[in-house]
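These notes are about the structure you will find just below.
Chain lettering (A, B, C and D) follows the sequence in which the chains are written, and residue indices restart at 1 in each chain.
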Amino acid sequence: MYVKGKIIEQRKLRSEYNILIIEQAEIARKARPGQFIMLQAWERGDIVLPRPFSLYRILPAKGQLHILYKIRGKATLEMSRRIPGEEVKLIGPLGNGADLPETGNIALLGRGIGAAPLMAIAETAYNRGLVVYTFLSARKRELIPGVVDFTRYSSKVVLSTDDGEENEGRLLTVLLEELITKEGIKIKTVFTCGSKRLAQGLLPMETKYNFRAYVLLEEVMACGIGSCKGCVCKVRTPGTPEGHAYKRVCKDGPVFPASEVIW
Amino acid sequence: MKDLDLTSELVPGLKLKNPVMPASGTYDYGDGANAFNPSLLGAIVTKSVSAFPRSGNAPPRIHETPCGILNAVGIPSEGVEAFRRNTLPGLKQYNTALIVSVAGETPEDFAQVISCLEEENGIGAYELNFSCPNLGDGIPFGTNPELLYLAVKQIRKVASRPLIVKLSPNVVDIKLMARQAQDAGADILTVANTLTGMAIDVRRRQPVLGNIFGGLSGPAIKPVALRMVWEVAGAVDIPVIGVGGITDTTDALEFIMAGARAIQVGTANFANPKVMLEIIEGIESYMEENGFTRLADIVGLARR
Amino acid sequence: MKDLDLTSELVPGLKLKNPVMPASGTYDYGDGANAFNPSLLGAIVTKSVSAFPRSGNAPPRIHETPCGILNAVGIPSEGVEAFRRNTLPGLKQYNTALIVSVAGETPEDFAQVISCLEEENGIGAYELNFSCPNLGDGIPFGTNPELLYLAVKQIRKVASRPLIVKLSPNVVDIKLMARQAQDAGADILTVANTLTGMAIDVRRRQPVLGNIFGGLSGPAIKPVALRMVWEVAGAVDIPVIGVGGITDTTDALEFIMAGARAIQVGTANFANPKVMLEIIEGIESYMEENGFTRLADIVGLARR
Amino acid sequence: MYVKGKIIEQRKLRSEYNILIIEQAEIARKARPGQFIMLQAWERGDIVLPRPFSLYRILPAKGQLHILYKIRGKATLEMSRRIPGEEVKLIGPLGNGADLPETGNIALLGRGIGAAPLMAIAETAYNRGLVVYTFLSARKRELIPGVVDFTRYSSKVVLSTDDGEENEGRLLTVLLEELITKEGIKIKTVFTCGSKRLAQGLLPMETKYNFRAYVLLEEVMACGIGSCKGCVCKVRTPGTPEGHAYKRVCKDGPVFPASEVIW
């Protein structure tokens, strides 16, 4: 769906993070957590491609979408200059989205801006009565976004920062393992985003603790809808001669079983 | 408005309802993601199909450059058999001309794909993608005049339908390539594919694209593509389809006034999935406001 | 900072104090209009000089395109005699290497200009502009491998100073052109000149430029120029000067990491007359922050 | 000179005209009427070249430059979006400028936006004690800019509009001729800008009424400082084989004797 949206709010967080709140009722109604949009919040100029952003919060009742974004290059810089009332163009909702279990506990492991799509998963899971455990890391405390909101939807939010301020900078996978082993919490599904190392760290734990781990991938995108074949990742695919194939992050993902991704 | 004639009869039997179609590999048909009904297009053009399944290049495959993008997708294809089975039936449902783009590394590859497709009905023409810079290592025959001639001639033999040869812009003399294609039996020319380029990630100190090189498309290349359309339209008698950087109605009119009898839109679809519809309407408005009734009246207008 | 070595010895006797110089035809020296002292540059490069006075093309000569400009200036020149008399003395006063760009329609033209300049002192090298798309009608010898070889060989005979051959990007295989130039005796290669393009004024229904065709320069062509520098640096043993769309330090570093031992800035001078100075300082900062002491440490870094 | 300037005011006139007031003391001190600047009032984006604009008013005492501009394409559109306090970049002052006679009467003939450089000439001439007669035309009245200011510096301002509202749309050259013949005013120097027809219309009048006519030319520019050879016009040049040569509007002009220009 290619539609216009209106900016409701441009909220500056600490560090390079911003939250953009967009009024777009149709997408807000249709979207599921783990999905994303292709956004264009600038006039053509020298920027040719729209940019993919996860849905940080989906508020169908208000007809709103929240985007948590980090200023990285020229498109996100332009984005940060938009003010309430201005129009943006969106394509979405896109991607497969996250499949939540019917019941049970889920864990979310995010690094840095990788927390963005996890928020929508946390909120949806919480609303469906699942119990959510959230683990977030970054270089330093102020680079972990949305802790207050995560706390609202999670039974527990565990932080770790490389500078040692939080949890001595220990690995989130280790902290998850402690939750499972020390506190005896059973986890059914894990979603992770923002760090290859995190996703790989989950692999040996899957069978050990009997959970399914999913990773939300990112790849540079042109179309976002599956037509350009630009955004591929390598995925184990039985039945192909090589045993793997390229899958499109935008259409076959962005959520993949962690064990199927070939890094 | 009802007296406007936007049709473009490229060759007898291939009459487009309007001159606007997608560039191969840049547009998706009919899975609900479409911003408008593809039947409104002058034609639909498939992603290039190869004889056997191909997986394409290692990522990253896309990189944005000033007013352009580099793509090193590398023609992944399900292969012609799967294409016939899974993809073609869906495409035939649209009420517009269907152009199947064909890719390969040798003339035999092309002939094989086409032979296989000859058994199908509902295909309007084949577009031969001779110009992909992402395939193989050697100089592709799309950039050698003699090899181009021989390839078209060989493929011509197996194809009963109109043959569109899509030329590479990475050549010295596009007029020569165009004449070679015409002489060997091409019915229509598409001008042009992407320019070969690359980018380096200074932070990581290595090429950005998995394949190192990629094809440059988008507004950045428009002046080059337009020049080639102008040159080719003056050098051959067969129709020319213009492509390269077209992003709005004015761009499309530039190509048409240079002599293109139809145009393709590629990169611009990504940011604006409705752009082709806007261009069709824009051409209509232009003709109306300027007192033209037939598309043919503005084809080559800047050459007169 | 004082330990940084930005020098680039292109050939014995031609050691640049830093790798940044203007592209021929895009920078003015010393009539008070300069935004900084040209002596700070790695070299100064003249507008191409021809054997006899030439007036250039009819206007309009300049047109902006997305992230680029088309120019159809057409090498106006006062001619080599007037150049010696009126222009050269002023250029010699700067305390940096002086590169005289030479243009012509035949190898004899080039030889004549150079013979005339051989009598002068203070010139560091000649840059042969083989690639101007605005000269004459036929395919210039800058795009034909055999003619290029013969031309360089013939010009080599009369030139005692280092010969820089500036290649045209409007070719199939820039590596081949580069090897031909090297084999014929070129000391250095400049890669590359402008891509041939055009624009149409839809309102006036005719080509924008007086000459119809022009050379495309600026950020739009950077991916193509960079790819060619990468290819050439891997195909020859002589030094490469990179040019095409360089607008800031990161662009310059991309070319250097691709293998260029010096870079030229053209179009970017127009909007920012201080850009070359900023790039020199930017390269220094980059080296300092990343622990490199010699420019040579980053040349070709992305190839390793 | 390549310098920064600060926007003091963005004044919207009627129609597509705007006035941009820039604080740039150095250029204001050095500039002469008839000169221009290369302006960059936007971030790079897809605009590669700076754009030439005449100096509409030069106020050395205030350190200000006024630019009268018409919104035509993307650069002028960007320009119109700048607000007071924002920075612009300028190269200038550029060009030969207008040579005013020591004494006597001058006439200014401008069409549309061509009035822009004439204002600086009018003001300077007035301040030097010359008598100024101004003739302005356009399609309709609201496309003639700056009439109030011109009136301040001119003994007479004569308007003509194609729609006949002003002076029945008569030619400015004819109206000038009437001033000379009917009112007996002697004109020493004429400056014209904005219309080829106007400039050509002056040619037969030069000897008849014994004045010197100068035309301010425009041509697409890249550098503005004489180095790119992009902005040429054809000028009669005795001593060359063809009798004419290409001259650079930016450096040899923009003010040329009308009789020397080959259109």
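The criterion applied here is as follows: contacts are C-beta pairs under 8 Å (C-beta built on N, C-alpha and C of every residue); 3 or more make two chains touch, one makes a residue touch a chain.
Treat the numbers as computed from the prediction; the structure is a model and nothing was measured.
Counting hops only between chains that touch, chain B reaches chain C in a minimum of 1.
Centre-to-centre spacing of chain B and chain D amounts to 47 Å, using the average Cα coordinate of each chain.
Centre-to-centre separation between chain C and chain D, using Cα means, comes to 36 Å. For chain C, residues that reach two or more other chains under the stated contact definition are 66-68, 219.
Each of residues 44, 46 in chain D touches at least two other chains. Contacts between chains leave no pair untouched here, as each chain touches all the others. Within the complex, the chain A residues that touch chain B are 1-2, 40, 44, 46-50, 89, 91, 219-234, 242, 245-246.
Of all residues in chain A, only 46 touch chain C in the complex they form. Residue ranges of chain B in contact with chain C, taken from their complex: 65-68, 70, 139, 143-144, 170-173, 195-200, 202, 205-207, 212-214, 216, 219-224, 226-227, 230, 245, 250, 253-254, 257-258, 301-302.
For chain C in complex with chain D, the residues that touch the partner chain are 25-28, 31, 33, 35, 47, 55-56, 58-64, 66-69, 71, 73, 76, 218-219, 247, 267, 269-274. Touching chain A in their complex are the following residues of chain D: 44-46.
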